[in-house]
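Note that chain A is present in both complexes that follow, paired respectively with chain B and with chain C.
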Partner chain A sequence: MRQSAKKTEKQQEYISIRFDAPRKYRWSTGKWIGRTYLEAKENKKIVANRCPQCREVLWPPMQVCGRCKVEAGEDWVELAQTGTVMQYTYLVYPLWDPHYGEKFANPYPNAMILLDDGVYIRHFLEETDPKKLKAGMRVRAVWREDAERGEGTADIKYFRTIEE
Partner chain B sequence: MPATRKLKDRDVYLYHGQIYIPNTYTAGGLGTQVLAALRDKKKILGIRCPACNRVYVPARSTCKDCFGQLSELVEVSDRGTLLTYTVVYQPHITQPVEPPIPYGIVQLDGADNGFLHMLGGADPGEFRIGMRVRAVFKKERTGSILDIRYFKPL
Partner chain C sequence: MPNRVAIVGIGQTRHRSTRRDVTLPEMINEAVREALADADLTIRDIEAVFTSSMETFEGIYLPDHGAAAEIGAFMKPGFKVCTGGTSGASVVVEGFCMVAAGLYDTALVIGFEKQDCGETTAAITAATTPVWGKGAVTGAIGEFAKQALSYMETSGAKEEHAARVRLKADRGACRNEYAHLKLGLQTIEEVLKSDYLVWPLRFLDFCPQSSGACALVFATENRARKIHRKPVWIADVEVVHQEPFRAGTFGDPTGKEAYSQHVACERLYKRNGITHPRRDIDMAEVYEPSNWEEMSLYEHLHFCGKNEGWKLVEKGITEMDGEFPVNPSGGVIATNPIGATPTIRVAEAALQIRGDAGEHQVAKDVKSALATALGGPNWTVLTLLKRTL
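What follows is the complex of A and B.
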């Protein structure tokens, strides 16, 4: 519990009572998503698995191929860490993270990136200047420090613009 | 921040997260007076109903029997009698301190009803109904009912 007191004019004080009641939860990543967590944390790699029947790369990795409805197995492939921004949105409105009550970095762009091996991934961009943002720009993944990694795709801090 | 933990010998991670639920409400005019007295003067205030001649602790703005508007704040003693108690062993996010927490209903001297607060300063097994207790205040008070740390046996 935290308290704050605001004094209005004429010395009339009103005490506000504040209490935070965060609800905790936990979930298991399972074997397939767990592999992405492991590879991101240990080797700074983005991995996906391939369907044995249609040979499509499944991202995020899945146990069953959504098209063929067959067991996808563990045919792991490493995805490229460079890609092209296909579309982006630019958040201006100040929002709070509903999980920890902290303010999101503002403004920040959020983009759909087509990785060089044909997989779409949604992530943040380093570039925050709206004048420099454009669809078609080339980006590369920037990873967090070793101690900060362990949160799946959030281990990629953002995608940085690269000149080619 | 979220903490992920790898399960031993498996490619499975356990993701620990939370949903942040902040709550704020005002203590109101009367509640502010009571909490400010607790914070600034270490005094527990009750409120008297002139019609029933009854003193409520904690203070409330209406009488539960005659529904009259109450405004006469009176100071009550920081000592009282333990009417009943229980001991909580289950930890929970809404509990103000770590368990075991003895909770008691204390009738303060000068009050006509019981007042729910934590007990302390003794082993949970030592509390008895009818025991005399005294309020122990925190050193750093913020204007909260938890400025009373607990009620301690005399």
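What follows is the complex of A and C.
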């Protein structure tokens, strides 16, 4: 701000007010993914719809089957909560979430898990010891507490190693 | 019958991690001037300008918007394409289609990215919908790390092979005046002692964030021969942008997911009578964000059989003086201005065909070359270039 050189002039008094106006983004879940939010929150279930033509499970659930190019409808099925780890890694570098402006917690290894119903889910593993991680390990979903749920598939806290 | 289209001008910036000395438009201007000088044309000879970059990587929307003057696009037709990692190849396809269709006789095609402005991994992470799989994202590098691990576990490749690919890239980059990372690596041990970034990828196993641009001048057949004494012909292009690949980047045991590279190659090879890619094509510039991905791409692009990618490395087949050179430019692992990266693959392949690659010109005579791009969850764009049609 340019200051007046003459002290005899009446000084303008500036008042500085800092205010934050975070731009809130709002994303719609829509009818199909909305159903997965509801079932996860209320019933700790993983659900998906099936294509009426090829009968494939659509994951994430969706309005149209991409392969058959037909309306997929609402033939809902509950999916298994157990699966096999197909790929995994763990982050060494810090990563932040541009949607929320926060650093990802990422305390657990990140994995691609093939659920027993044949769909892939990208999620976290409870096991943090790299020596105990391996492709092919069997896992089961562990859900967050009732009050913490409402975030879709993030309602699953992580997948826990199971012995079979 | 569409018009034949040739590349008659090639220009690049000297890629670096930061270019604080120039604005984004000024940086792109450097590549445009080089391409025009190579074609011996002025910007007034260019009828249309097409651009590509990754939206929001610079932290701004429509980064081309403020660059109309510097790229010579003022009041000219053309528009920007953004298709994720394949952007810089999509713009080549865009320019090719426009000129082939007879809409323009000359066109300027530009890929650019100034990654010193923004936050690349955050931008990639923002490409995932927050209503699905919130939090379970790792940017691009986490996905390539998982892919590397799968490749390691299933193919029999050792870290030593990945290190060899890294050394090959560095040797190329050190000879390429435009390349970004020139490390002067000498031994496998040097690569294997670099720190982990995302396990099992090390710092030296992954591409840098570069700032740079690449510009190409396209012309129709009747103009091309008058403009440049060595026009390089775009023989064919193939685009496979399908629904997201939900199985991750590895073989899908359920058999439901297909690699876009497989689909794209099969179509392109079939149309062009290519039955043995390593025999029927002379070299390739592939989009390999990591050294592990390069070995995996050899297999997906049918340069060899399954689980044999690392064997090509062991035999030195893809070296600069090898039977089938791959990425003599140093590739993406040395230089990655993302929106420009696939355009650079096409530019470098064209330079090899012209014999103008300078110190990184391969030993064999290159009459045809393949340039690839990958992006999104499972997207592929291929460009086949030839010296004569």
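Methods note: the second predicted complex is superposed on the first by the 130 of 164 C-alpha atoms of A that agree within 3 Å, B and C clash if a C-alpha of one lies under 4 Å from a C-alpha of the other, contacts with A are read in each partner's own complex, and residues count from 1 in each chain.
The rule is simple: contacts are C-beta pairs under 8 Å (C-beta built on N, C-alpha and C of every residue); 3 or more make two chains touch, one makes a residue touch a chain.
Just so we're clear, the structure is a prediction, and the values are computed from it rather than from any experiment.
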Figure out whether A:Leu38 sits in contact with chain B (first) or chain C (second), or with both, or with neither.
first
If we overlay the two complexes on their shared chain A, which of chain B and chain C does A:Thr29 touch? Say first, second, both or neither.
both
State whether A:Asp129 touches chain B only (first), chain C only (second), both chains, or neither.
neither
May I ask you to decide whether A:Gln87 touches chain B, chain C, both, or neither, giving the answer as first, second, both or neither?
second
Touching partner for A:Thr153 - first (chain B), second (chain C), both, neither
second
Pick one for A:Glu163: touches chain B only (first), chain C only (second), both, or neither.
neither
Check the residue A:Ala21 against both partner chains and state whether it touches chain B (first), chain C (second), both, or neither.
first
Go through the superposed model and pick first if A:Pro60 touches only chain B, second if only chain C, both, or neither.
second
On chain A, the footprints of chain B and chain C overlap at residues 25, 27-29, 33, 37, 97-100, 151-152
Tell me, which parts of chain A touch chain B in their complex?
1-3, 5, 12-31, 33-35, 37-38, 97-101, 150-152
Within their complex, chain B touches chain A through residues 1-2, 4, 6-7, 10-29, 31-32, 35-36, 93-94, 96, 142-144, 146
Complex interface listing, chain C residues touching chain A
119, 121-123, 125-126, 129-139, 141-142, 145-147, 149-150, 153, 195-200, 242-243, 246-248, 250, 253-254, 256
Spell out the residues on chain A that touch chain C in their complex, using ranges where they run on.
25, 27-29, 33, 37, 56, 59-60, 66, 86-93, 95-100, 104-106, 110-112, 114, 118-124, 130, 135, 151-154
